[in-house]
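Take a look at the structures listed below.
In what follows, chain A forms one complex with chain B and a second complex with chain C.
Take a look at the complex of A and B:
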């Protein structure tokens, strides 16, 4: 086990360094600031060897997207190929998220290889950024990029490259991020080749088996195992007024936890549907957050969970159901349902509930006015974590935008960002000092619980309590984002 | 050697650490006297004791040495301890109305994104002492809302009532226009002149309000204590006839006078480790190793830094005691692996080492102070690397039986291993953790560790360095003669240095060179006013840097400006741009010549170059180290024991060559020369170990 630990720490370092390098050189703030990406090393058996990620959604999707790529190309993969997909229905989660894999060969055999998965700034669809509150089919959110080879034996496929850049409103951003992904994968490939020279593939395989087993056992030791009878919960929320529910039953089985989502609402004509990979990730993430020690994200951890995801439901929709809000809204309620089902378990009792990121907006100039549009994904505050500090686990590794940078780079003046006196939540006010822009507002909504709201003041005052599309944010107007707190006034004593 | 005609006047370096205060005194002929003395609660006691000790070693008296001493450079933990222990001044914050919680939001940064249980850091400025003041500037520095002076006065009176000792002032866009902050300073002088004032445009005149407010608050919190300590120390030294200048080591690797060090205490955080890196650069220059990875293994931590072409790498992304300090500081990466790190078995049956440490009390089991858990030091004693009778030069006796028992009962027996297997496993894990830290630091900066030498310092660094070098593919390990007092050596070797910063946001294609030159000129003028030290400075050097990034990137890369004159020309900027692309590619394996580049910040280092520290080369003696051999003992490099010679380091001569395996024991440091390695004592009495490399490709010093 000791040799396996030492070898595995080197492998984890490859995925971590790949992620950190990517975060630093990417062009889009979605990656550099919001860390909406995952970096991983996969085995030749399509198992997840090590994954570095800060955002929940990628947990199963990276592996399942790679499986879709390998299924598609089957025996037609050669040294120097770079495979790419960006499709919720090819193992993915939501629109505009690319998975890029760099298969690696040694003496003709596929060995450990690197993969990156990241949200892009824009890949067409009806609105810049892909978040369309009224979408009912996936094409309104993004172009579907089913598996393709971006590089064939080391040669860039110019036609495909141009196709991708032709299907975005932000070609320079997308191109820079694609280049960055490719550069990081190449560096990781070199590191993995060196590691392969030190630890032969067969030996590494044995080490990984040991590590997977260890990770799985460690997770199971802490995860709810006293759910007798099975833990059950159903959480209701609303999609533009339509009531929806995520229901879950959690049961301990022979060697793991089984999460059964029977009873969850059928898929909807709104973008709240979660692909299977997405549903699994948001179901598992709060359980990981409850563990006392951060686990390694690998096959061993994933294998501790099995799922029943009824086909045609919110958690396993059929094409062409729209999915863009699956992470920021349905994922949030899925996590909340899982926590509610586990509520009597000692390990999770003190963590309640798991908030998502709360109200946010995508800002862009009026559509059709400019050839190149880089949407601004604005999450200026966060819901205050009921237990512990700072934002909740589902907020991921996002960084709040600096007020000074927002003004210098985008022309929006933040006039205030403070704890609210009434409930200890956060309120952030932003004034538009530049041209009129449009905004799509995204926020969770439930009949019996407050998850924040957005107010627009000045010329067109309005209070948004649910998601909205193409709202004008005019020159001189102010928009305030309100986030829920722990309850009670902000703490003056600490 | 006596103080008087043959030796002196002495320049003195004093570094106060957690356990010991180290002192180095050097005279113009290169005579060097060193000592270590226990650190004391009032750090000035240890400083004076230490100087007295070196004075006696040099055959003189405390007053005799101090009266002729032109310069004392001091590395102190006062500011660092104040922040680590949260024992700073009662601090208030005045900030732009609507933004008083930024210090608590931390831009949503959490040390562990996963953890739902992580608690907030201790608030060094509680919310009730954070007051928003009506005022507002825009991004160009135009006043949108006038400063409400009545609100400032009222806030200051509230602070007085609450007993606030230090006030931090941080307004939005003060780095563009500092008038409002300067006016608050005047109001403080009128209302509460006794308060320490920390102004954000002076501490960190750069864009990003959280980074600026956090650094300004830390400066206010640590400033009064630092100021009071330095005044106290200076008074004591003056009382012993000291008439020279007292400087303080800074975290940017330079030194500053007492006035500036008190005013900008945040610059003195982590000054001890910075002294060590400065010394490494000095030793690297003398011994022909311009590219170094320095590793410092102490009792609880392992610090790694990188020196490229004798220039230590610098970061502005430090977190200290969970607070952001965005000043340019030597980039020292710390992991929790030290001699006191405890080995344990987790509930899944895996062997783990650290981060929990046995600390000084009870300490490792072999200290016989009640500790029962096995530590890395216990492993080193059990494997025979540390001589239990010669720890700290024999000042402390270790109990090898207790070390063996701790490893056997806590690790070996539960895992079904022999004690030797268990000890080797612990050693392997801790070596691997440390190697991973080195890899992290080097690859993150685009370096290949194989093109560096490893310089080991700290009590246990030289025990493990040989193994790490093998793992990382590094050919050479350097253990400096002065390793036990290395930070103090850095204090005497360091130049004076002031770093000035300014945010200047523009696209390179629209660059206003006149404006940039004017900014740099102003920064240099300010730096000269701050630098002082006229009596000890031989010449001034100004180094200019531009923080650049591809348009839209969030992270910037700091690039030295290529200019031989004071004025930067278009040609100079072209060359600098070319360096930017190259550096970006080295750091991130990616460059894009066609993409727009933008400038975010300017920085200028003004360096007051001091006389070079003299060090005499010694002629090589015979190769044979036998005269220094003091015995042989059993050691374990594998499961089979080997009989290994050990040497007294103080008897080894330049030119002596030790073929591994072997151990060199000297005060405060044990050097292990592993099998297939050779150690040479060089002309400066540094120990230089050459490491036999395994077959090509077997090391994992990532070649990126």
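Take a look at the complex of A and C:
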């Protein structure tokens, strides 16, 4: 077991280092600052060996995207191939998140190989950044990148590369990020080959089996147990006024937990649908967060959960349903439903809330005015976590945007960022000292519950309580983001 | 040139024409989309390689507005893969900024090798039913950048050495709402190219590459001589004209297209300096499209028996300042370029040419009241109906001929789909499709009568309307009257009838909602007061001209009972009107 732990730590280090390196060399603030990526090592059996991530959404999506890539290319994968996909319907979550895998071979056999998954700045679609509040089809959000061989036996497929760069408003950033991903994967491949030299594949396989077993047991020990009857909950929210609900029944089965989402709303003509991978990730995140000891993210952990996700529902939509808001909004309500269902279990310790959606925005220059742009994904504040001062766990590893960066890079002046005395929430005001920009406002909403709002003052005063597309944020205007206290768990109303 | 050379040139040229026509037939008979198999909204052609650029050597009758756009696209494809071409490769492009027009028009080409060198290239350019992006059908009146038009496909190899690149192919199909059509349509285009490649190979084997090349040179040179001869019959000089697009769908009105034409001996230079800056909305015309429409205009001024090939283009040069509506820069949207501002480009060129070549210009009409609808079949599969019947019409008059039939020359080769097939393929009914009175440009020769069309969609649907030719209607020539204004009225889900002034986006229509089109006829040619009264009488008998219209527009007075011409009253009327 000790040998297995040592070997496994090396594997985790490869994954972690790949992520760190990627963060350091990436050009996009989404990666460099918000850490909207995951780095992993996969086995030749498509099992997740180790994953380094700070955002819940990647948990199952990385593995399932890789599975989609291998299913697609099947027996047509060779040394030097780099596979890529960014498609909600090929194991992914939202279209602008790319999964890039670098299959690795030793003596002709596929061995442990590295994978990176990251959100890109823009992959075309109707609005820069991919978050389209009115989208009802996936093509309106982003281009779908179905499984592609970006490098074929080490040779860059220039036409496919150019295709990707032609379908983005941020080609320089995208190209830099694709190159960074490729470089990090190549370095990780070298490290894995080195490791393979130290620990033969067969031995590593045995070690991994032990580790997976250990992680699984660790999770099962602490996950809710003695579940009689099954825990049930349903959380309602809204999509532009349309009522939606995520319903979940959690049941202990022979060797794990089964999460059944029967009763969840049917898929909607709005971007709130969650792909299966996304739904699974947000469902298990509150359970994983509740474990006393932070578990390794690997196949053992994932195998502790099974799911029923009704086809055609909000948690398993059919093409061409739009999915961009799945992580930033629906994922939070999914986590909340799971938490509430766990509270049904008597004798089980409470599951702390990890959710807490709040308003955010994507800012960009007026469409068509610039040849190349870099959308700003703005999350200036957060709803306070019920358990402390910080943001809820689903905020991930994002860094709260700094006032100085906003001022230096984007021409926005943060005039205040303060806790509000009345409800413990946060209010952040930003003034536009630069050119007019447009913003897509992304807003969670639910009947009788308050998740924050956005106010625009000065020339075009308006209070946004729902998501909105292409709203002007003019020179000299001020926009204030209001976040509730105690996160989205609060049932207070405003 | 010896007689045998000339005969060989004719034989080879005829063979290449026949192959291009066969390609066209192959596409028609094997494609899935009604845009192909019913409307024939595509063009097939064959190119060769001369130095670094490709040359059009044969083209089947097809959608004329593709004429030069296909040349630009093929050039881009060959240029991109110049040092990476192999037998069996099949190349695809749709990007307006890679030699295209609007991104709905896709071009496929394959190289044919002789002596290990790529020598000839069969190509197909087609209008696809959808192109991903924000709206079904690809016409997005809200578009403000090229990505809001739809998917951009820069030069891409979809077959490599005869083997399908499944990932590239599937990537394209995945970004299309009508994947069930697209896959079949792409295969039809590819099939046509492969068939042509085989035939061309036979031709090369039979006559040798050198002889075929020589024959092609001669054929191009023949066309060039004919076009030069036509141009040289026009007086030297500089001629200018301007025309306007109504709006750019973003609230900016009267977008100017300026054509300055210099006739110098047997050469023609068309310069679009003076045209408006590139527009906010999706009416920008990439240079290939601008050149294409300029050539369409020039070609209507030449004899129709001249073979269409590179020789047409050699005596003509086209320049357009960068950053203008006729040569936009990335990321300007171009989704509507093949209608607006294409129509205005051809019109401005024809107006300018009406001075040196008055008896050659005419047949002008492409300002469309475009409306497309989309919805879902019973099984949830989407449909997109371009409502072709609503705007196919409006040919203008030319010297010695009234406007005829339905499509104007820019759409030659595109045919009006059969109403019965249309009703089988879509949940739609054409309730009415008929000529109406006094709804065309009057003239010594008048435009084709305008149309009154009603299309009903039996299922819930969404319709977007893009009006053109409302304020700046299609022009007449040499004293001929301009066309009247187009009109479209849509019944929305509340049963309200909405007359669309400029544009409407995604109007929700309940089942059995009706779209009413009034598609104006074309422009007239020459003064209406010079029209033979007997022709006016015939029009009155046919209901194309009313009695009031006859008097008002032509100065011809009739006995309302017998419909006989009142010659005295007519003479008097025309005299007072300054005949």
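The working rule: the second predicted complex is superposed on the first by the 470 of 494 C-alpha atoms of A that agree within 3 Å, B and C clash if a C-alpha of one lies under 4 Å from a C-alpha of the other, contacts with A are read in each partner's own complex, and residues count from 1 in each chain.
The criterion applied here is as follows: a residue touches a chain if its C-beta (ideal position, glycine included) is under 8 Å from a C-beta of that chain, and two chains touch if they have at least 3 such contacts.
Computed from a predicted structure; not experimentally measured.
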Next on the checklist: After the alignment on chain A, I want to confirm one thing: do chain B and chain C clash, or do they fit together?
Outcome noted: fit
Next on the checklist: Contacts for A:183 in the overlay, against chain B (first) and chain C (second): which applies, first, second, both or neither?
Outcome noted: first
Next on the checklist: According to the stated criteria, A:140 is in contact with first (chain B), second (chain C), both, or neither; which is it?
Outcome noted: second
Checklist entry - Just chain B (first), just chain C (second), both, or neither: which does A:459 touch? => result neither
Checklist entry - Which angle, to the nearest 10 degrees, do you get at the Cα centre of chain A between the Cα centres of chain B and chain C? => result 130
Next on the checklist: By the touch definition at the top of the document, which applies to A:255: first (chain B), second (chain C), both, or neither?
Outcome noted: neither
Checklist entry - Looking at chain A, does chain C or chain B touch more of its residues? => result B
Checklist outcome for this item: In whole Å, chain B and chain C in the superposition are separated at their closest C-alpha atoms by 21
Checklist outcome for this item: Per the touch rule above, chain A residues touching chain B in the complex are 1-2, 5-6, 9-10, 13, 17, 20-21, 24-29, 32-33, 54, 172-173, 176, 179-180, 183-184, 186-187, 190-191, 194-195, 197-198, 214, 217-218, 221, 286, 288-292, 294, 350-351, 354, 374, 382, 385, 387-393, 395-400, 402-405, 407-408, 413, 415-419, 426, 429, 490-494
Checklist outcome for this item: Residue positions on chain A within touch of chain C in the complex are 72-73, 87, 124-126, 137, 139-140, 143-149, 159-160, 162-163, 166-167, 169, 320, 366-368, 370-371
Item to check | In the complex with chain A, residue positions of chain B that touch it | outcome: 97-102, 104-110, 112-121, 123, 126-128, 132, 138-139, 172-173, 207-210, 346-351, 425, 428-429, 432-433, 436, 439-440, 443-444, 505, 550, 552-555, 584, 587-590, 592, 595, 697-700, 702-704
Checklist outcome for this item: chain C contacts chain A in the complex at 80, 95, 132-134, 144-145, 147-148, 151-157, 167-168, 170-171, 174-175, 177, 280, 329-333
